[in-house]
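In what follows, chain A forms one complex with chain B and a second complex with chain C.
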Partner chain A sequence: MGKQKLRRSSQRLIKPEQQPSYGKGDLSARLRNGKERGDITEKITTQKTHQDKCHSADDQAEASEHDLLEQALQYFGKVEGHVQLKGNDTLLKHLNTVERVGTQRGLPPEGIDILLSLALSGKFVDTVNSRLLKCLIPSSVVLEDTVVKAVSWFCVGQCTASTQVLFIRWLITMFDLIDRKEKLHALYGCFFCFLQDERLCPYICHFLYLLTKKESVKPFRVRKLLDLQIRVGKQPHLQGLLLLYKVYCPELVSLALPTRVKTFFKNSESLWKAQMMTVRRKNLGSPSVGLQVDFGIKQVPLQSKKRKWNSLMNLPISSSTVSIVSQKVVSSLYLHQDEAFPVEQLQTFTQLVQNIHRLEFPAQMGSVLQSPLLLHYINCIKDDSVFLRLNYWMAQVLHEECAWYTGNQHNEMEVRAFLDTIANAQQFLQEGFSNCEEFLYKSIPHWNGCYRSQILQLLSWIPLTAFSEMEQLLYEPLGQIFFTSSLYFKCSVIESLKKMLQNWLSWHAFYADQVSIQDSPMNTTLSGLVNTVSDLINFVGRISTIALHITSSSLLLHFILDFYEIVCDMYVKYAMPLVVLPPAGVFYPALLSMESVNLNHLCYIMYRYRKNLVAAKENEWTKKCKLRLNISSKTFQEYNQYVLAMVGCLWTSQAFQKDSHPQGIFMDAKVLMRTGVENYRNSFNIVHHPALMGHAVLFLQQGFGEEKTLNLGLIKGKLWNWYVEYLYKRGMHGLKVFIESSIRRISSSAQSHSSLSESCPSVAQK
Partner chain B sequence: MSVLKPFDKMPVLNMATVLFVGTDESCMEQLAEAMMKESKTFDVKIHLAKSLPLPAEKDHLRPRIDLIVFLINLQSQLSFTTVVSSLSHVDASFFLGKVCFLATGGGQMKHTIVEMPTVKKLADSYLSILLFSELNNLAVFCKIKGTPFPSHLSNASEIICSTHSHSPHAQKALFCSFLIWVEEDGAVQQAVSEESERDCCHTAQRLLQMLCVCAGHVPGVSALYLSSMMRRAGPISEAM
Partner chain C sequence: MSGASNVKRRKTVVRVSGESSSRRQMIHEDRLDTPTAAATTTRRNVTFITQHGITSARRNTPFRQVPSKRKIPPNTPILEEHSEVSFLLRKQWTLYSVTPLYKFSYTKFKDYSKLLSAYITAEKQKGLAVEVGIDLNVKVTFSSLSELKGNENDQRAVFIQITSRPEFSTPNNEETVLWTGWLCCTFGDTEILSCLLKEFTCLPLFLVNGREILTAMVGTWFQKTFDCCFSRLVINARDLTWMAAMWTGCKLENHMAATEFLFSVPSSPYNLDISYAIHPEDARALWESIHKSQDEVTEEEVNLFMNCLYSHFFRHFKIYLSATRLVKVSTAVASAHCDGKVTLLSKENVIRVLALLTELATNQIQY
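The block that comes next holds the complex of A and B.
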C-alpha cells in the first residue's frame, strides 16, 4: 500500500518527461555548468587528437563513429510507446553503436541522460534495458538531473525488478561521478522506503551508506532499520548501515554491532569496472592511468564500493564530489549565508576564516586528519560531538587495521602511512588523541618492535595526566622491550620519551600560565602532575642506567644526556616545581666518557641545574612563588656532591679523593698506589681526561711545533689558562659556562672549592 | 628423570645455546630460522624439544644451555600443560634469569583457550619474563580467512602444523599450493605472512639480546640482574 502511494506521489512530484522546474539562478547555473563541461570535453578531445596525430585513419573512424552515435541518440530520444525487439533492425543497429561507443570511449552526459531514462521507462524489453544499462559508461560526469529523472522513473516502477537492481548497482558504481548530490540527498527518504523491497534491500543499503550524512540519521529511520533487522535477521548490509548511523549519532543506536565483519556489501561495480578503466585510459591517452586519476576532477576516489568502510586505511578524501567544473557555479550558489559550506570546497585559509561559522564536517571524519585547514577548524571549535566521531572512527580503525597482534590482515605500508598521518595530525594539533593512548596501552605489551618509528612517535604524544597505572601499562612493558633490544632501538626509545616529557612540560607551562591548575581540562591536581612527571624521569633514569651498563655506547649516552637537558631546565623554563638529578649511573659514565661532546653536554646540564636550583632557592626565600616546591634538601646535597666530583675530576686533580657520592669514584690512596699508575691524581683533569687529551695534544703541537717531544705536564700556570681559552674556542661552550659558574678562578684551586660551597649555604641554613 | 642444570657443563668460547620447548614445532622452527638469519657476534646453537626431560643418552653431546624458552600456544591447552609438566625438569637455578616464556597466538581473542592471566601467573610464579608474539601458522591463517580449506589441501594444515610426517620437500610443496590458494585472495594475504614474519624477526632479535646476556657475553651484566630489572615493576607492585 505504502509503496503504491509513494510511487504515485513521486510520479506527481517530478514527471520524468518534463524538465523539473528550476529557479532562474539555478537555470543559468546549469547553463554555465553545461558550458564548462563542454570545455572539459573539448580539452579531452584536443588531448586525444594531439595523441593520435599520426593515426589519421583512426581519426576518420572516430568521426564516423561520432556520427553514428549521434544518430543513435537521436533515435533513442524519439522512441515512443512500447517497442518490440524482434525484427527491429534499426533498434539493433543503434543499440550496437551505443554499446560499442559506451564501452570504448564512454558516453557524453547528454547521452546518458537519454539512455538512462529510456532504460528505466519500460519501453523496451528487459534484455535491451540491461544491455543499455551495462554500457552506460560516462566519459566525464553524470549530471545530477539525469539521476533525479532516472530515480523518478525507478519509482514509477515501469521496469522490472531486475532492471531496478541493475540501476541501483549502476548508481553505486557511478556515485562518485555524479556532479552534485544536493537533490539526491533530498531524495534520501525515497530511497529509504525501498529498503522494504527484499531484492533491492542490499543494494539500497549500500547506496544509502554512500549517501548518508549526519542530518539523514533520524530516530524514526533508526527504528525502521531495527524493525527490519528483527524481521529479516542480522544481514551484513543492514548492519553496515546501522554502524554508519552509530558513527554519526551514537546516542540513537545503542545496539552492539559486530565490528569484525569486513565486507558489509556485495560488490556492485564488477559489471562496469573493466570498461570504466578502458574508457578512462582512452580518454586520458595513457595506458598506465589507473583508477585513481581522472578527468581533471580533483581526486575523485572511484572505489565507491569500499569507500566508506572497507578501505578505511586509505584515508577518505574529503572532496568526494566536487569537480573543478562545478566549483564556480557552486560558489555562486552558496552566497546565501545560512547555508552550510561544504568542506570539499575549502581550499585556502581565507576561505576557512570567512566560512568558519557555517562549515559542515565531511561524512567521513577520517578525512579531517589529512587536511590542515580542517585541523585548524577542529582546534578552535568546542563541539564535543566532533571529537566523539573522530575518536570513535579512529579507535575502530586502530583496533581493526593496525593492531598487528590480533592476527588480522594488514598491509604494512598502509598501516605505516596511517599511523604516520595520525602522528602528524597530533603534531599539528599539539595534542594527543585519547584513543591513541588506549591503543598504545593495549598494544605495547604485545610489541616486539614492528612499526618502530610510528609507535614511538605516537608514544611521545601520550597526554599528561595523573594516571596511576602508567607504571603497569606503559613503563613495565616498555622497559622489557627496551632491555632486550638493539642499541638503535634504545636510542629511539629515549628520544621518544624525551619528546613526551617535552610535550608534557610545554602543556603544563601553557596551562600554568593561563588558568589555575584546578580548572585545567584534565581536572587533576598539581601534585598529581608533578608525580607523573617525576615518575617518567625516574623511569628513564632507571632504564638508562641499566642500558649504559649493558652497552656502554657514547651514542646512547648522547641521547640520554639530551633527555636530561630537558629535565635540568624544568623549573626555569617550564615552571614545573620539580628538580630531579640524573642517577649516578648516568652521571659518572658521562663524566668519564671518551668523547668531549658528551662531557661538554654534561657540563652544560650541570650548569643549568645550578641555575634552576638557585632560582628555586631565591623564590623560596622571597616567598614569591605560589607553588609549593618539591625540591628536598637531599637534591641540593646530591647536586653538591656531583659538582664536587666534577671539579675534583676536571679542575683540581683530586678525582679519587674529593668524591663523596656513595656511588662515586672515591678510592683509597693505598689501593690506587697498588695499581702502579703514576700521577693518578691528575689523570682526569681537563688536560689528561681521555675526552680532552686530543685537544691538549693539538694545543701543545700548535704552541711548540711538532719536533719537540710532547709533555702534557707542561700545561700549567699561564699555559693552563691559555689552554682553557683554547678549549672554549674549540666549541666547549658547556665547559665554559660550567667553569665560569662553579669555579672562582683566582688561579688557586683551594679557592674554587670555597666558591663551590656557595651553592650549599641554602641547604645549611635549613 | 634427569634435571636440566645451567652450570653443570663448561661454556664454549664465543658460543651461546638456546633451548626451545613447546609442542608447536613449526613455530619453533620459524623462530629458530629467524634467529639464525640475524647478524650476531657469537655462535648460536639452537635446540628444539617437544617437552622435557631431554633424552639422557645424548646428554654428553649437548652443550651448556644458557637460555630456555618455553613456547605456549594460547590456542592449545596441550601446549600449556606440556610446558607446565616440563617445568619440573628444570633446575631451580635456571629460574635466576635464564628462563623465558613466549606466548603465541594471543591476539585472536576468539580462539584462545589458555587465558592470558593464567600464563602471566605462571611466568610470575617462576620469576621469569613473558613475551608475546604472533608467530605465523597456518591454523591462524584459516581462521582469519574464515573460509573452508580447499578440499585438495584439506589435510595440509594438519601436516604442516602438527606432525611433520612429510619430508621438508613435501612440506614445501604443500605450502606452495597453499600459497596459491591464498593468492586468489590477492596480496593482502601475502601481507599477513610477511607481517607475522616481521614480528617473528623482532621476537628473534629480542631473544638474541637476552641470550647474549644469559650466556655471559655482556661484561658486568648477569642474567639475574637483567631479569630482575625487567620484572622489577610487576611482582613488587602486586606484593604491595
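The block that comes next holds the complex of A and C.
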C-alpha cells in the first residue's frame, strides 16, 4: 500500500512549476530562502519572473524535502526483519529526515501509519523506536485504522516495555486527533486487560479515562478495578478512573476522595507538546484561541478546615443524581440510561447546546449558582420543582447562615461570598429569587448596615409585584437607615434603588401584558404595578429632598439625577404609563448647583420630560391604549413652571422673577435689593451661573487672550451665540437639547432676552 | 384563677442543688409578672407569582411567631405488638429539621440501603472505592412506619438503622446497632402539605440516636441524593413551657414520674443549676384547674401554669425563676432539653409529642 502511494507522489514531482501546496510566504522570505540556497544569482527584472523563480526555488526546496520524506517512507515501508542501527547510514539519514519533517511540519497520515507499525513491531532497537515515536506528530489527523493496527502490534508484544509505555503516552496525547473512534471503543476490553501490567497501569488508566463512555462501565469491570485497588492501594490514577465510573454509574460504585484533590494522572503530553504547537502553528496559522473558555464545573478543592456536616455554607458541587434502577428492568432501561449526559462533564457552552435535550439536573440544585452553564439551563426549563428545590435550599441557607439577627456566629467572608454569588446569579438570570426577596423583607427592618454592598445589590433585584406592605417593610426602615448614614451609603442606596427601578421597568416592558392575562391570585393588575412604581419614585423623591437638605453634596445630587434620568423616560422607553416629575427639593438644588455636570444632567432630564409628556398627550388622543395613563394636568402645570423657571434663570436673565412654582425661587424685588447683589437677574444665566462661569472665562480667554481683564458682560449678541456653540462643543449636550427644544429664538443673532419659550399646553384628563 | 381555690393542698418537693428538700405547702399566688415572650406579630400569608410557578410564602418576622393557641391532637393509640415503636422509647433523640425531600420514593428502600451502606463504607476508607450491592460490614436498613401518621395528609415515617457485623463472625451473630434515625411528619401543616408538588416528600422532623460521625454521613448522603437541608432544631424556653403544660395534661394509666424543670443561672465561677421537681399529681391538678377547653391550649393557660409554679418557688426560696433560663423539662410523657434533645417515655402519647415537635420543625423551615 505504501509503495503505490510513493509512486504516485513521485509522479507529482515531475512537474516543477507546480505551485507548492504549503503556504505562501512573502517576498522577502522567498528572497531569503533563495539566497540561502544560492539559487538566485541574476538581478530581478520583473516581479513575475522573480516570483516564478522564488516559487520554483521554494518549490524545489520543499520538493526536495518532500522527496526526502518520500524516500524515507519508502525505505521504512520496505524494512524487513531486524535491522541494526550501528553503522547504518541509510537508516540514520532517513531517521533524521523523518524527525525533521515530523517536528517541523508534521507527518502525513500514511507516514504515521508506516512508522507507527514499524516502531511497535520490534524490528528496530529501542533507541530507534523511541526516536520514531517521539517525532510522530501528525500534520492533520491520525487514521483510526492506523491506531487499530498499532494496537494489534502492541498486543503482540514484540516491542519492549518502555516502547509500550511510550506508545500509550503517544495515544493519550494524540487522542483528540484520531478521526474516528468507534473501533477504539470496541477495543475497550482489550485495553482494560492491560491494567494488570504494573508499568503500564497509570497510562492505561489515563487512556481509559479518555476513552470511557457510559456503556463501557460494566459491573465486572468495576469489580476488577476494585480488586486492583485492594491489591495495589489507593493509587491516584485508579481513583481517577473510578471517579469517572462513579460519575457515569453511581449505582455501581461509590467513592469518597480524601480532602485534598490531587491531579489524578501524570502529564503525558510533555514530550510532544512543544512540537505539536509548532506544527499546528505552521499548518493552521496562529492557533485560534476560540471560545473554549472554561466555564465548566470546577472541582473545588474541599475545604481543609473542619466544618459541621450540615453547615449550609458548603456550596454544593454539581454531581449527577443517582438514577436508581431496580434490577429487573435493567435491560430495557439501559438503552435510555446512556441518553443522559452527566452534569460533571459539562465544561463548555457548545457541550451544553449539543446535549441540552438530555442533560440531567444536578443532585443538589444549589450548585447551579456557581455555574453559568447550568444557570443558562435552568433558565430554559419551565419546571416548578427546579425552582422549588433551589428556593428551599437558598431560603434555609439565608436564614441559617446569613441572618445577623438570629444571634449565631457567622464567618463574614463566607457570607459575603455567598451573597455575592446569589447577586451574580440573579444578575445573570436577570431576575430575582423569591426567597431572596423574603430574606430582605425580614432582615432590612433590623439592618445595621452590615454586608452593605451585598444587601444593596440584592435589593435591586426585588421583583415588581403589587405588594402593599412594601412601604412598611422596606421603605420605612430603609429611610431610617438612610438618613443616619454616611454620604457614601446614601449614594449607594440611591443607586440600588435606581437599579431596582430599572429592573422593574424592564420587566414591565416585556411581561406586563402576560400578567393581565393570567389569573393572578394576588389580583395583580396593571394599575397595581404602576402604583408600586410610583410609590417607589415618590419615596426616592422624599428621601432625596431631605438628604439634600442635610448635605448639599454634588455627588449625592449626581446619583439622584441618575435616578431621575430613568424616571423621565419611563413612558417612551419602557411603556410605563406614568410621568412623575422630580420634587422641587431636587429640581432647584440641581438648577442652582455648582457643577456643570449636574446642570447639564438636569437640562437633559427636562428635555426628556418634554418628549415624554408630548408623547403621552398624543397617545391619549390618537391611540386607544389599554393602559390608563396616570398623568394629570397638574403634572403638565408643574412641568411648565419648572421650564419657565429654568429658562428664566438660564436664558432670559430673569432669575427669581419668573417662577410661579409654590416651592420655587421667586423673590420679591425689594428683598433682592436688600441683598446688595448687583445684577441679580443675570446671576444665573449661562454666562454668570456658578456652574458655567468657568466655561465663560475660558471662552473669553480663548477669544481675547490671557492678559486682558475679562468682563463677562462682553458676552452678548454674536458672542452669545458663539458662546452657546462653545458650550455645546465642551460636552454640554443636555444643555444643547434643552435649549433647542424649549427655546424658540426669534432670530439667530437675537439678543439674549428676545426668545420665547414653548411650553406644553396643559391638557385636562378625561 | 377561679379554679385555684378548689385545689387541695398537696405536698411538693422542691430541690435546689446542694440543698436538702423540705416539705412545703403549695399556695397559689399570682402576684408576679413574668416577662412575656417576644411580641407576637400577625402572620401574613402571601402568595407569590414568580415567572416559574407559584410559591407559597409565609411572612413570618425573623423572630419566630408564637402561636396564641395550639390544638391538642387526638391521640391514636399505638398497638402493643409493634416492636419498632417501643424501640423509640427511652432513648435520647437529637432533633433536626429537614426541608422537603425531592424524588424520595417509598418503594426503593432496598436500593437506598445499598447505596447508603456503600457510601458509608467508602467514606470510612477514603480513596478506596466500594462496589454497591455487595455484602458489607456496615448494613443499612430503610423501613417505613405508618403508625406515626397523625392524619391522612401526613407521609409515612421513614426509619433508618445502621448495624454492623463484626469482622470475623458467623452468620448467626447478632448485629450491633450503631445508629438509628427516623424522619417523620405527624399532623404536619396542612397548608404546606397541600401546596407541595408531588415530587416532594415532606418529612420535616429528623430524630437521631447514635454517633455524630454517622449522623454526618447519613445527612450528607441525604443532602446529596434528595437535595434537602438539615438544620439543628433548638427548642427555646417558651416552647419548653408549652411542652411542660401540654404534657402534664396528658392522661397516663400507670407510672407517674415527677415533673421536673431544670433552670440555669449564669453566675461565676460555676453556673447555678436549679432543679425543680413537682409531684405529678399536684402538677396535674394545677393544670386541670387552669385548663378549660378539651381540645385547645391557650397561651394564657400556659403562662398561668408557669406563673403559679414560679410564684410558689419564689415564696419559699425568694428566687425569681422567671428570670432564669429554662433548660430542661421532664414529664412522665417525655423529656425535652433546649439543645434539641428529646426522650420519649410513654407509648400512648407518642403521637402528641411528635405533633408538637413536627410543628416546631415546620416553623424552622423557611417555606
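Everything that follows uses one rule, which is that the second predicted complex is superposed on the first by the 405 of 766 C-alpha atoms of A that agree within 3 Å, B and C clash if a C-alpha of one lies under 4 Å from a C-alpha of the other, contacts with A are read in each partner's own complex, and residues count from 1 in each chain.
Throughout what follows, contacts are C-beta pairs under 8 Å (C-beta built on N, C-alpha and C of every residue); 3 or more make two chains touch, one makes a residue touch a chain.
Bear in mind that the values here come from a model prediction, so they are computed numbers and not experimental data.
Look at A:234: by the touch rule set out above, it reaches chain C but stays clear of chain B.
Of the two partners chain B and chain C, more chain A residues are in touch with C.
With both structures placed on the common chain, the touch criterion links A:430 to neither chain B nor chain C. Of the two partner chains, chain B and chain C are each touched by A:403.
Shared-chain residue A:453: touches no atom of chain B or chain C. With both structures placed on the common chain, the touch criterion links A:162 to neither chain B nor chain C. Within the superposed three-chain model, A:701 lies out of touch with both chain B and chain C [touch as defined at top].
Using the contact criterion defined above for the overlaid structures, shared-chain residue A:441 touches chain C, although it does not reach chain B. In the superposed model, A:484 lies in contact with chain B only, and not with chain C. Applying the stated contact rule after C-alpha superposition, one finds that A:475 touches chain B and leaves chain C untouched.
The interface of chain A with chain B overlaps its interface with chain C at residues 403, 405-406, 445-446. Of all residues in chain A, those touching chain C in their complex are 219, 222-223, 225-226, 229-230, 234, 238-239, 242, 245-246, 250-258, 308-310, 312, 316, 319, 321-322, 324, 326, 363-366, 382-389, 391-393, 395-400, 403, 405-406, 431, 434-435, 438, 441-443, 445-446, 463, 465, 467, 469, 511, 515, 518, 520-522, 524.
In the complex of the two chains, the chain A residues touching chain B come out as 403-412, 445-446, 448-450, 471-472, 475-476, 479-481, 483-486, 542, 546, 549-551. Across the complex, chain C meets chain A through its residues 44, 46-55, 57, 59-63, 96, 99-100, 102-103, 108, 111-112, 115, 118-119, 121-123, 126-133, 197, 199-200, 215-217, 219-220, 223-225, 227-232, 365-367. Taken together, the chain B residues at the contact with chain A in this complex read 105-109, 129, 131-134, 140, 144, 187-189, 191-192, 194-196, 198-199, 202-203, 205-207, 209-210, 213, 218, 220-221, 226, 229-230, 232-234, 237.
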